Structures are given as structure tokens and as C-alpha cells.
Amino acid sequence: MSAGKQIKAGIVGGTGYTGVELLRLLAQHPNVQLQAITSRKEDGLPVADMYPSLRGRVDLKFQTPDTARLDECDVVFFATPHGVAMSQAKELTEKGVRVIDLAADFRLQDTTVFEKWYKMPHSCPDILAESVYGLVELNRQQIANAKVVGNPGCYPTTVILGLLPLLEGDRKLIDVEHIIADSKSGVSGAGRTASVGTLYSEAGDNFKAYGVAGHRHHPEISEQLNRIAGRRVGLTFVPHLVPMIRGMFSTLYTRILPEAMNTDFQALFEERYANEAFVDVMPAGSLPETRSVRASNQLRIAVHRPDNGDQLVVLVVQDNLVKGASGQAVQNMNLMFGLPEDAGLDAIAVLP
Amino acid sequence: MSAGKQIKAGIVGGTGYTGVELLRLLAQHPNVQLQAITSRKEDGLPVADMYPSLRGRVDLKFQTPDTARLDECDVVFFATPHGVAMSQAKELTEKGVRVIDLAADFRLQDTTVFEKWYKMPHSCPDILAESVYGLVELNRQQIANAKVVGNPGCYPTTVILGLLPLLEGDRKLIDVEHIIADSKSGVSGAGRTASVGTLYSEAGDNFKAYGVAGHRHHPEISEQLNRIAGRRVGLTFVPHLVPMIRGMFSTLYTRILPEAMNTDFQALFEERYANEAFVDVMPAGSLPETRSVRASNQLRIAVHRPDNGDQLVVLVVQDNLVKGASGQAVQNMNLMFGLPEDAGLDAIAVLP
Amino acid sequence: MSAGKQIKAGIVGGTGYTGVELLRLLAQHPNVQLQAITSRKEDGLPVADMYPSLRGRVDLKFQTPDTARLDECDVVFFATPHGVAMSQAKELTEKGVRVIDLAADFRLQDTTVFEKWYKMPHSCPDILAESVYGLVELNRQQIANAKVVGNPGCYPTTVILGLLPLLEGDRKLIDVEHIIADSKSGVSGAGRTASVGTLYSEAGDNFKAYGVAGHRHHPEISEQLNRIAGRRVGLTFVPHLVPMIRGMFSTLYTRILPEAMNTDFQALFEERYANEAFVDVMPAGSLPETRSVRASNQLRIAVHRPDNGDQLVVLVVQDNLVKGASGQAVQNMNLMFGLPEDAGLDAIAVLP
Amino acid sequence: MSAGKQIKAGIVGGTGYTGVELLRLLAQHPNVQLQAITSRKEDGLPVADMYPSLRGRVDLKFQTPDTARLDECDVVFFATPHGVAMSQAKELTEKGVRVIDLAADFRLQDTTVFEKWYKMPHSCPDILAESVYGLVELNRQQIANAKVVGNPGCYPTTVILGLLPLLEGDRKLIDVEHIIADSKSGVSGAGRTASVGTLYSEAGDNFKAYGVAGHRHHPEISEQLNRIAGRRVGLTFVPHLVPMIRGMFSTLYTRILPEAMNTDFQALFEERYANEAFVDVMPAGSLPETRSVRASNQLRIAVHRPDNGDQLVVLVVQDNLVKGASGQAVQNMNLMFGLPEDAGLDAIAVLP
């Protein structure tokens, strides 16, 4: 366990799944003191009344933003709908508070794209320009110094980490014009808002695709892939809904270029992630399962090349609420405050 | 298949689960012509757009009540929130339309109790007084002649049929003061309304009790049991929520009176239900499963007496949306219109 | 309902899921008389004791093959492990009994491929040569006259029907060298054999790929696609396991050829399947769900072209036990005996 | 975190669910060094190959008992079928190794009862006589000094802790002759052995009772209740199977004696468990959910008295693999070795 350093942390909007997951992780973090959690609607309600799993472990009550004194925190997490973090980031950062947004306000540098997909103007393009996309394995250095971090979307985390070794360094390994990401998510990815589509009787014992005509994570993935590859990457992205609570699986298909047919892709991935605590490149032939990372911050990758042909198939699993959201946010916090990257994130996956 | 008789049927409020289940059953019923289905909110929407399972099988569009000409129907089913059927029953019955209400408006004869539990005054006590509680196995004769039928609640169907042979005929078999019904329901019982508690991520991989302090089906069960037994029956009723879509299971506990210790309870149940098409008393020692009745109108009962002691344990399963709701409503309709009781209800359960 | 014609049907090996599903369908079929069902292991056991869903509906007991007098049937279904049907087909067909095999014995015309994947020699290549691949929408004419039908695998049914309009008639629409089928199946596809991998606690709340290095349905799909296209089709096939009981979903990715960019693919599919009772081409933009076909013989297709680009995405759903197995087998039987193709197969999907 | 004390722990038979759960807990325990894990069948296989969730966290390979040097351990856990621990306990304890058996060998002091229910003679009645039933909240003192601990069954843990305050101290509060325990378990309670009944397609979307005629946990519960109450307690016990992986829920029904009608049962429970870290008596009116303890060692209790009548309803939840098995075993170990009782057991429940 790391030294006695204690960070004061606040959470804005803690009633959703990323909020309660942040609470679970931060309440067990050796270097964090939970300072405040806000919810206008639940003002005064003990957090443990809403989430009995926290009984005896989290004593906080929900507060309104007015009384929460977030400006006294070292870091504030936004587990809010899109648009909230950008309205408060300026004030907080001016007081020296660092911000980690789990929504989309700081994920897209291109504000035109942001406005198209999120149907609202971006209210602080200057702060956005200085913010960092919080994918640690991609931007470790910049995150350490960032004042504002845009925590990646769940799908983007799997797709980007599953393609990163193939694209970076100006490599000529795959046909970057025609990449396919067939992704599958557990239902918790849709959040805790009451809606018919995510009722047990609708999503249970059922499988479907959605967002084929367009999904908000598509431009986010594309912006990052373009940046990594240094040119336009063509991506077909089809998300699907799986009748399970947690877990995300991306099956990535890409064609190997004729000149790259002799590449050892297994070695390429293993080398790229050799020093990453939370990216596990499994042995050749492995078939990762989402449950192997349930409730942990681990992401696992397996690289396949059926019949040794020209089609590369990369399988990626994560827990959408941990590495895909709140765990990754804590990983960012650790980095920003000079803590060991795995502080509070070393829980082993829950299986079965 | 029965003769060419064709009944014109209308459905009020067909967007919920009992509504779509009625559509499924009636669209396949050999003697029914679906005439109209109403929903103010979805006016103009083809039913099959909301429920693609009905594509090519149901051509109706949702209509407003104003245009639906329900008064031209032979029978109208109300698959609406409580309170709607009683506001329209008078007008319809005056025009000769018979009414089957799947909500609670005609389940409780005691309007004081109704008003206590449903928080609204009863608007047509005169029609209520003439209406019949639509549990066919209990009230076959009266249902045949009824103008208005109150279709039983899902829990009550299992509890009443599981206790009926023990209570009726002024029998002195069990301690009627202390009956326990530990009931378990699939999530579809909560309906299709968006609510946090029935989200996949809340109700999945979870088990809980609810309504321990009071559930609306409790007074309904009690009113019937009192009537059957001819005296006050004491009932503890604890409903639970099971992470499955369809299915209901009631475990009934009752103490055998000293003077009744030699009773052959298996025979008692078998004889009582010998001529009931939809009540299957399983052989001694059987363990019914909810899936054995999935999507069918069957209800199955097993009678146990552990160690041949003084405790009787009755297990009852049904599909809450069929025998517990829409199937039973169709069974009532068949009876009211002189059709074979199993017309349109003979589908075999879907297993696995 | 079709005329009084009655077919005597036998089932070999009825204890698995395709067996009980055949029983469910045939017991409700207006033109079928269930004659015998065999299982050496369960000899003498009433079928309804193993499957209580059939209580009161199927009176048969399991018999040994010796006593079952299958030679007196008009048709015998094999719901057995691979290898059984081919050992009995000769004797049965010589006595005029027609055979529908739900296993793989008559799916692959190339016996070398068969022997590679199923690890056994093919014991009746002559009968195989005369047998017909039982995909009705592809081989309607030949099936009608076939003595032996090889009922298609579940995955192949979705992939072939999802690609058929793009490949047949020597069309030049897509890059046939690089088709991707990302398929997902409910757990019942793995059968009723006890195995660790399909335990509830292993397959539940989990998602994984399997068979990436090779799956038996791959050569089956390829043989058919090659035949349809008239040349070698390149296919990457990745099956996945979904935590649901029934249901299969295939997401098919294929690249449109430059010269075919103006094709109206929606119209192409609609026209191809206009007269098919069991293939529903949904309106443009639709997102099919597996539950929309649960327990029905329907297969639904939606055709997407994201951003109107060069990537075509075809979504296909079916119930793996019905259209993907036993329902399709009954559809074949109907055709072979001159019955209406939908006889006994017109049940509406069970939703929710 | 407690001092540097390090305990060498071995596991016999670690391939089942209690085994992998022990591995998860012990690998994260600050005072435990995993020494060896045995499995004859999997000799040589790295544990993390069977359970990828342990990749990078557990380096052990399965060993045969011959090579595992269990006699060098401080404590050995038996996560084996019934009968194994009793065959090895003598040899281990003679060498000073303490034993915690997660099977039933040391749960029943009455060997006649043991032999009746487990169909094998008890091979070490002398060691059994000295062993302690490892329910910490009941036998804290004796466990601390025990050489051999019989870890309680999952159902017994919930039923005994839910009734303990009502029975101990020669209290006259309830009718002890007629207690009812209606219990519900997730499927992992049935273990990882391949069997048809616990396949996903059998146990999923289904609910059933089992063992109504007799369940091995019944005599275990009775032996403890009799001992606690100081007289014979009459118990009807009906276990049920819930389609979820982890979680156990017991609904306990008992009749309040006339002379005890003024008892404050809420206070009684709160006082009894005031100092218990792992028993949470929830506020009056609470409705515990199994997910509130998922993957944690917590057990939660709510006390209800419907309509303030004579029926007491006690609701108890736990994770059957943690407090109901491996967590409780670790709790016993902590006590036996003078560690803080919650060492390695303080993980917050995973919700959702």
C-alpha cells in the first residue's frame, strides 16, 4: 500500500452506475478521502440508503452543489449527463481543483463533431483544448499533468486499445480504410435511467444491434484512431446489447496488407503492452471471456489469425463500468496525483 | 377446432405486456376477429411496429378511443391501469358489449378495501356488484352469464387455486388462521412501464422480497379465501422478484389439523381438478418448474407433506402473463361466448 | 387448417433440445401423428416425465430402436449425435421411409471435409449424393422430392439466407473474397449434454467468442456459398455465446464493389424473399431482435449501409431451435409431403 | 492492515467454485501466502489457465496431493467433495496443520445422521468430536482454538443467523415447533460439476423448488437450532433455485408466542449483532437484496412483522460463495490465527 498521501475527492452526480462504481472504488482506495457527493434530487439522502451495498462503508449524504464545497477538493469526478462538467470546469480549475469527466464533454477535440452528436454547443473550448483524453495507455505523460481529463467512452476503450499496436508509429500493417468493430455491451452501459428499452423484460433473454446508423462513440473512436495512425481511418462500428449486467466485448476485424503478411502480431501486441498493468495480452489461441474481468480494471486482448490468412481478428474484453468508466477514471486520478497506477484498483475479477 | 362462430374483440390500452399477450393469443384464436386496439399515446402506429413479433400477423393500428368504435365489439378487454375500465364499463355494457378487465376495478367487492389499496373511489359500485370474479375454476357458471368480469390478479390465481381444495365445502382440514404464501414472480409482472427497479441491471442477477408490509393482491386473495372458507382466513403473503421474464411460483405452507392427519391430500387435489383443462395436479413427489408452463395457459400444482408431518406444502406454477393474466382473460371470454374453454389456448409450453 | 392427411412420424433420439422441440411442434401439427420416439437410455420412460411441458399432450414413451417400428413411419427425424442417421438411412429409405436428419450427416457433400470435421468416415456416400440440403428457400424443388434431407445447421441458416440475394445469379455486387460473419448464439445451441462450459454459472452473465480457430459450421456455410456464387467465397466466421436460452443473431459484413454502389439492396432482399413465408425482410433502418422470433419459425433480416458507404451490414435473427433446427425440419417435412409449408408452424413469437 | 504475520495456506481440491473463490480471497489477503493447491486431475495446469481471472495474480499450478507438501502449511482448506477432509484430517492435524473443511465432514456431530445423509461412514469420529462448527457468530471462542473447523453449509448460515436471537438464552418468544424456512439460492451453490439440471438452458429463465422431501442442510440446521434452543426445534425447509449465479435469500416464518407479543424484535436483533462485522441488521422496514452483498462477506437481515400480528418474517441475504462458503472459511482462519476478523474480507459488494 502506498504512503500516507490522502487526496480529497468529490463526485458530482453520484446516483448512476458510474457514480456508485466510483463510490465503491474510492471508498476502498488507500489514498482517497471521499469529501462530498452531489445530487440535487437526492439532497440529504444517505448514499447507503440508495445503495445498501455501501452500508457501513460510506457515511456521506447526497448534497446540493451549493453546500458541497467542491472547491475544497483536490479532484472532482463528474458522473453526470453530458454538458454538466463543461459548465463547472472553469470555476473548479481556477481554484486548483482537477477535474475528471466521465461524460463526453472532454472526449472530442473537434467541437463541431461534439455539437453534431451531443446536440449542444461546447461551452468551454479553451479548457477543452488544454484537456487530455484520459486513455492512460495512450497519453500517460499528458494525463499526469492535466488539469482536466476526459475519461474515454466504454466502447472506445476496447476498440482503441485493440487497434493501437496496429496503427501507431506510422506502421503499414493493415488496411486502415476498412476496419470493422463488432462490439457487444452489457446493459449497465445504458445507465440507471428508467427507460423501456433496458427493462429486464425487454433486454433479458434477447440480443440485438443498435445504433447501426450512428453511435456517439463512433466519432470518438475515429478521432483517436486518426490521430494515432496519422491519417483517416475507416471504421464500421456496430454495437450490440447483451443480456448481462457488466461486461463489454469487441471483435475487431481488419485485413492484413500483403507486405505485412509475415508480421508476428502476437509479439507486436505483447511488446506494446508489456509494461501495462491493466492490459493483458493473452497467449496465442486464447478466448477471453467478459467474466474474467468482472468488477476489475483489467482489459484482456487475444489476437487471432484464422487459417493464417489475411484477416486479423482481435478480441477485447473489459468491465464497462471499471476499465470502461470508473476504474479508468481512478487510474487517471492515480496518475495525476503521483500515486501508483494500480492504487485502489488491484481487486481480482469476480468469477463466477 | 370449434365451429365458425366469430367474436369481435377490442382491446383498450394494448401497449403493455398483458396487451401484447392478448394480441398474441387473440390473433391465433380460431373464433376471434380483432376489431380495434386503443392507445391515446400511440394513435396511428401499427401494432406490429411496436411489437415486431406480430409482423405479418396483426394489421391493426393503435387508435384513440374516440375512433375505435368499441361499441361495435362483442367483447372489450381492458389492459389498462386501474381505474380505466370502471369509467367505461357502464357505457359499453349498456350497448351490449361484454367487458373483461385485466386490472383491479372488478376484483374486490368491498369498495372500502378497493379505495384503501388503489387510492381512488370506485365509480360504478352497481356494475361491480353484478360483476364476477373471473377465476373459472371457482366461478364457471356465473362467468358464463356475466356482463363484466374482473380478471384475477396473477398472485391470487396461484394462491387461491393452491388452497381451494383445502378450504371449500366447509372442510376442517387445516389451520385457516395461519396460512403462509411465499410467492415469487418473474419481472414481467411489474409491467412495461419504465422504472428503475425493473431495469435489467437492477433486477438481473438479484433476488429480493417486496411488499412485505402490504401488497394489493393480499386483500384480493383474502376476500376470495374468506368467501370460499365461509369464515376469516389468516394469510401471511410475501411476494418476491425473480430474475426471469415470465413465470410465477407460489410455495404455500399450512398446518394440518390434528383431526385431518389421515387425509389423502394428493387425492383431494386430484379429484377437485380432475375435469379442469388448465389445472394439472402432478403426481405425488413432483417438483413443478415455471418453465413447464412458459407461454401456456397451464397451471401446475404439486402437494407435499414433508416427513409425513403436520405441515402441508403446496407448490403452484403458472405463466404470470397467460394463466395469470391474458390467457385467463381469453379463458373467460371462451366461457362467456359458449366456445370450448381451451379455444385458442392449447399451445404447448415453450421449453427450454 | 389443411385437409385430413395424416403423416406418421418417428423421432430417433428425442431427449435433447431439438428432440423436445420437434415433439412440441409435431404434437401440435394438424397433419402429424406421432408414432414413436426412441432413446436407448430412457427406454420405457414417458416422454412427459422428462419434459413436464408435454404432460397431457404427448402420451408416448421412449422406446428402444428395436421395438419402435420406425419402418412403419412415413418420416423419421434424427435428433441424434452426428453419425447415427447415416447408419440407419439406408434401411429406412429402402422401406420407403423418408428421413430428415437434424445432425450433420447429410449437410456436407464433400466427404473429405465431413471426415475432417466430424472425425468419422461417411458410411453411405451414395445416399448422401442423393440427399438434399434442406434449406427450403434455396432448394424447394429438390426437397419436395428428396428421400433424405440434411437439415441445415443453425448458424448456416442465418448466414446463407443473409447472403443469398447478394451471391446468386452470378451477380457482381460484393467482394466475395472477404465476407465476415460475426454470429451470436443462445446457449441452447450447445445442446442438453452436461458440460461445464454451458453451466448456468459459467455461461450466465458472460460473453465470449469460441471456435475462432475453426467451427464445424464454417465448411458447411462455405460449401453452400461456393455453390450459390459459382466460385470460391472467402468467409471469416466468428461465433459467440450469448447468455440467453434461445436466439441467434448474425451480423454480416461485406464490401460493395465499386460497380455496384448504386444497387438498391433493400429492394434486392425484399424481392428475393417476397414469397417466403418464413423470411421477413424488415423495412429499411430496422433493428431486429432475437425475441421477435422466439419460439417461432420466422427469420428476420435487416439490411444496413452505414453512411451510404461501401460497407453493407446485414442483420439476421432466428430462433436457433425452430428455424435453426426443428422448425426448419418440420418445414422440410411439410414440403416433402405436399402439405402447406406453414402447417403446424404458424405460432406467433413469444414476446416478452 | 494487520501486522506482518504471514500464514502459509494450502487448498485441497481447488477446481470448484468454493476453490476459486478461496483463491480470489486468499490471493488478496494481506497475511496469507498461498502455498499449494491440489487437484489430481489437473496436475501441472497453472491455476490461471483454468481461471483467467487469476492471470498475473496467482502463479501456482495444480499439484497432486503427493507433491504438494501440505504438511508444511499452517492451514489447509478442503474444497472437496464430502469424505475427503475426514480421510486426511488426522495426518495433517498430527503435524500441527489446522484444517478448515468446506464440505460436510465436520458439520454434523451426530454420525448416524451424517451417515444417513451422506451415504458413507464417518472415518474419524474422534477428530469430529473435537472439531468446531465454524459459524463465527455462534462459536467464536471455540473456533479460535480449534484444530479442525467444519465450515457451515450455505443455507444453514442464513437460517441459523436469522433465528439465533429468537432461540438462544432459553427465550420463550416463538413457537419453536413450527418454523418455516423458504430459502432461495443462486445456481453456483450447486457447484461446478457438469450436470443437466444446472445447465444454462435448464436453470435459466426458470424457478423451481427442490429437495422438498429432504435436503442435506436440513439436519445440519436442526442440529444447530436444537443446540441453541436447548430443545427440539421443528423446521420445515424448502430450498429453491434462482436463475442467478451468486446469492442466497432465506425468508423465515415463525409465530410469536402470546406472551411475547410486546417484544421489540428489531431491537433484539440489533443488540445481538451489534458487534458483528459481517452481520448487518437493517433498519425496520428494509428489504434486503442479494446484490447488496454480491462478492462480499456481508450477511444482511431485516425483521418484519406484517400488520403487527403474530407472524414474524425474517429476511436474510448473503453471497452463497462468500459468507456462505469461502469467505466464512477465511473468517474462521482469521480467528484461528489471531488476525483481525475482517482481514482480507473487507471488499465492498459489487453492485450493480
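Order of writing sets the chain letters: A, B, C and D. Residues in each chain are counted from 1.
Everything below uses one rule, namely that a contact is a pair of C-beta atoms (placed from the backbone, for glycine too) under 8 Å apart; a residue touches a chain by one contact, two chains touch by 3 or more.
Fair warning: this is a prediction, and the values are worked out from it, not measured in the lab.
Where touching is counted per the definition, the chains common to subunit B and subunit C are A, D. Farthest chain from subunit B, judged by C-alpha centroids: A. Averaged C-alpha coordinates put the centre of subunit A at 40 Å from the centre of subunit C.
Chain centres here are Cα means. That of subunit A falls 46 Å from that of subunit B.
Separation between the centroids of subunit A and subunit D, computed from CA atoms only, is 36 Å.
Counting partners per residue, subunit D has 17, 186, 188, 192, 201-202, 204-205, 243-246, 288-289, 291, 294, 352 as the residues that reach two or more other chains. Only residues 17, 186-188, 190, 192-196, 198-205, 243-245 of subunit C touch subunit D when the two sit together in their complex. For subunit D in complex with subunit B, the residues that touch the partner chain are 178, 180, 182, 184, 186, 201-202, 204-210, 212-214, 236, 238, 240, 242-247, 249, 251, 253, 255, 285, 287-291, 294, 304, 306-307, 309, 311, 313, 315, 317, 352. Put simply, subunit C touches subunit B in their complex at residues 1, 17, 20, 24, 27-28, 51-57, 188, 192, 204-205, 245-246, 280, 282, 286, 288-289, 291-296, 300, 321, 346-352.
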